[in-house]
Amino acid sequence: MAVLVNGYVCKDPKLVIAEDFYTSGLHLERNISDSCGSGSDSISIIQVPGLNTLGISMGRVDLDSWGVIAPHYHPRASEIITVLQGTIETGFVTSNPENRLISKVLKKGDVFVIPKGLVHFQRNIGNGHAVALTAFNSQNRGVVTVGNAVFGSKPSISSDLLAKSFQVEENVIHQLQAKF
Amino acid sequence: MAVLVNGYVCKDPKLVIAEDFYTSGLHLERNISDSCGSGSDSISIIQVPGLNTLGISMGRVDLDSWGVIAPHYHPRASEIITVLQGTIETGFVTSNPENRLISKVLKKGDVFVIPKGLVHFQRNIGNGHAVALTAFNSQNRGVVTVGNAVFGSKPSISSDLLAKSFQVEENVIHQLQAKF
Amino acid sequence: MAVLVNGYVCKDPKLVIAEDFYTSGLHLERNISDSCGSGSDSISIIQVPGLNTLGISMGRVDLDSWGVIAPHYHPRASEIITVLQGTIETGFVTSNPENRLISKVLKKGDVFVIPKGLVHFQRNIGNGHAVALTAFNSQNRGVVTVGNAVFGSKPSISSDLLAKSFQVEENVIHQLQAKF
Amino acid sequence: MAVLVNGYVCKDPKLVIAEDFYTSGLHLERNISDSCGSGSDSISIIQVPGLNTLGISMGRVDLDSWGVIAPHYHPRASEIITVLQGTIETGFVTSNPENRLISKVLKKGDVFVIPKGLVHFQRNIGNGHAVALTAFNSQNRGVVTVGNAVFGSKPSISSDLLAKSFQVEENVIHQLQAKF
Amino acid sequence: MAVLVNGYVCKDPKLVIAEDFYTSGLHLERNISDSCGSGSDSISIIQVPGLNTLGISMGRVDLDSWGVIAPHYHPRASEIITVLQGTIETGFVTSNPENRLISKVLKKGDVFVIPKGLVHFQRNIGNGHAVALTAFNSQNRGVVTVGNAVFGSKPSISSDLLAKSFQVEENVIHQLQAKF
Amino acid sequence: MAVLVNGYVCKDPKLVIAEDFYTSGLHLERNISDSCGSGSDSISIIQVPGLNTLGISMGRVDLDSWGVIAPHYHPRASEIITVLQGTIETGFVTSNPENRLISKVLKKGDVFVIPKGLVHFQRNIGNGHAVALTAFNSQNRGVVTVGNAVFGSKPSISSDLLAKSFQVEENVIHQLQAKF
């Protein structure tokens, strides 16, 4: 039976091999057939056990033409994104009370930084497939997609609470909940 | 001109007085006339300069009957909430892919914990005014209200991006944006 | 057999329930029949397993008229105290060489901050029962009551060492040791 | 005018010289003519500016025959002590509720560890001068001498509060306060 | 005059703009005309002021056919490397006493992790230009190239000390020092 | 079977004894018969289980006349060194691009600080045996001896890679590799 500690149990250092620090396939297109026209993938402690305690991980984002990575945030990591192909708009929103949107259109070779814990998104605003690599200062960054958390939790947050929170009729909330 | 360092510049320790570690009025009802029927307030480094570097702060939540604190999260703090008066439902949603809602109805003297960076809410589900105290393990916890960040940023996140993200018609997004 | 790691072993996330983040009874008067006329209680990782790794906890202090929480400190946490009822004097002493006492009389709704690791005390200086809530930026703050540590350790610190340290006759030390 | 940040302002790296990382005289006997027959000294950020941000410092303890370093603790550091000369008894007391005294008689070349934030003491239990070196995992460990903090603060903690805390007559407290 | 604090002074948050979180040109080939046939570049706090306090940065490595990034380490960061083009051998050496070389040949889309503070290198073992992106969990990772530090410091480490350390004749050390 | 967590599994606090915080023999001369005329030893978590989680450890350095501790660094600790006997030259080299050697000749009672992760060395530049004590702000500092890591890894780093890195003929590298 596994012992669950904070983080992951370590492999015996004497038995560690190069493969524990390695993975492949980051150049392969991700599946972008979801409703947002996007796909993203994570290279973290789960895929690369050697990342344990190292405080770093990576990811890849694929976006179909006009595809979107929906607003989300990482509770345990800042992010740095580099565009490999295409034209991607990305932005983050600062916390209350300003809620400033700080955004930028990125082309190949452009780099943008997203501070830890802030809501952000990506969108392919050009024609053709777009690709970006992402890096995180956590071995297990966590992802909270705002829509999933608010409108798609299991069980649901009650629709009248959400109606009041978003100041709309309850049927608008039902529409949103139906999608998640 | 102020020098902006990471956090706040310290007062000369020789000139520190008891008032630097003190504030008052946490027993006073907050204004709950907003559209959600709630008010919340923060006792942090801004109000209490002695909190600088100490990694702790407090807050107070007031809820009118059926009032709501809309879904939000704190990018830099875990929270512990204690109900002083009334009956409050509170809950948080875990990160992807589970998005489990873990919630509880709290009465006077009940305590509930909200892990750092997760979306949570409060709602007064009883009659009469409800009050809770909150504590945070940061001198400056930050608050991201999901609705404000997603539908109320300045400038706005484009409505077609949000329509695709939430999988609804753009007019639903316009309704939501109109409220923030 | 339990595996003892640094902190506590985690529950399987899939089996976590709302009760792991919850406790009750913080509104109930604590027993204040001890010789100091006070009682205090802790809501930490022991009572609320969901606090594991979250870096926060709470407590409650009850003071009979003129009751005292004896000088003590928390080796792993700063503290923020809020008075719910009564009039409480509290203060902390800065480290060598200044040893300044920074203190304040607190009434209902007043808040005071005690920096990590400094000796502090509370005293009910009014009539009637007094109550305060305390919050800490550690899941397991630790408490060192100065009298217990110095005069009540098991085994005892030798009385001649203490006599020299406090520059009094050994019989004064014996008086003090007899009480712990 | 100095800007007070958390810690110390840094010297321009281009102007740093070897002397910023250096001090001398740790082999010299400290003054032990105080009432405890001991002297101690600190090599920290104040004496060695190059320690800034490095998280380490040192000290030296001198003890006359039967001299004592009174019970004290370091709010920001663990300690490791090495005896260079003589026979020194040292011990620390664990936190509530156990208050176990864990102590040891150390001779030349012996090493003992004192966990962060716990009350500890040293005593020369042999004839002749005794010397120890101490190391700390903080550039500015802080020292709280229990007697100074409790009985010697400026202004004083009220004697009736202390009498109740230590469960002795107020005149015993007055005796203790008179010495600090 | 600049105030030097630990890290960098922050820009006024109200004046922050998207360009503070942005840089470009990571897709451009670096100059590889040095004697090792390689070039590397860093996207850190210097180029992107918005990285301040975020604990993350990036870099790019270019290698001519059989070009080498000489053995080096980063005192403040773990590294994760992704090959964009070509075939790159990379490896790190564990600390004393094992000094195990853990290495891997990486092709396009392969990822390899280098733990904080360990000596590592890269080499293009194929024909044609090779390119990799690197990410670091520090805003200012630091680079110590072993050859520069040991054989190229200013002033020099004395050659007889190095001869003894590396157990070779002093003229071998002179040969090495002549190159840096 | 041992569970390997990050760091070491803790002993049951109830069973902890003074010996867990203790070791002896730091006054004894270390074996200096190696080819460098030096010996060094570590008092860390391995020898003193009570150091677990405390973030501090010690060491001792012995140097024969003109003996050398070869260039090395500690990936997880800053160091503070105190000379007990003899005359020791010590220095560290700053990171790229400056590679400044900051060094000092130390006599009895002199103290010098070596920042975390920088290459440093010691040499006895006087007659007779020299001794120093070292302290580290880690319970397990790690040691990377540059020569061992670069020229003595198992398996070897390829000699042509090293020849290119150090810009010398491959036979010079072979000479160096033959010694480790």
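The letters A, B, C, D, E and F name the chains in turn, as written, and every chain counts its residues from 1.
By definition in this document, a residue touches a chain if its C-beta (ideal position, glycine included) is under 8 Å from a C-beta of that chain, and two chains touch if they have at least 3 such contacts.
Here's who's who by UniProt: A, B, C, D, E, F = Germin-like protein.
All of these numbers come straight from a predicted model, not from anything done at the bench.
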| item | value |
| --- | --- |
| Partner chains that chain A and chain F have in common | C, E |
| Listed pair (E-F, C-D or A-F) duplicating the A-C contact set, over half by residue number | A-F |
| Taking each chain's C-alpha mean as its centre, the one farthest from chain B | F |
| Rounded Å distance, chain B centre to chain C centre (Cα mean) | 27 |
| Centroid distance [mean C-alpha coordinates] between chain E and chain B, Å | 42 |
| Rounded Å distance, chain A centre to chain D centre (Cα mean) | 49 |
| Chain A-chain B separation of Cα centroids, rounded to whole Å | 23 |
| Multi-partner residues of chain D (at least 2 other chains) | 3, 5, 13, 91, 116 |
| Overall pattern in which the protein chains touch one another (line/ring/star/complete/other) | other |
| Residue numbers on chain F that touch chain C, as the complex places them | 3, 5, 7, 9-12, 52-53 |
| Sites on chain D touched by chain F in the complex | 13, 16-19, 21-28, 43, 48, 50-51, 54-58, 77-80, 82, 84, 91, 94, 102-104, 106-116, 133, 135-137 |
| Residues of chain C touching chain D in the complex | 35-37, 66, 68, 70-71, 73, 75-76, 91, 93, 95-96, 98-101, 116-119, 121, 123, 142-158, 161-162, 164-168, 172, 175-176, 179 |
| Contact set on chain F toward chain A in their complex | 3-6 |
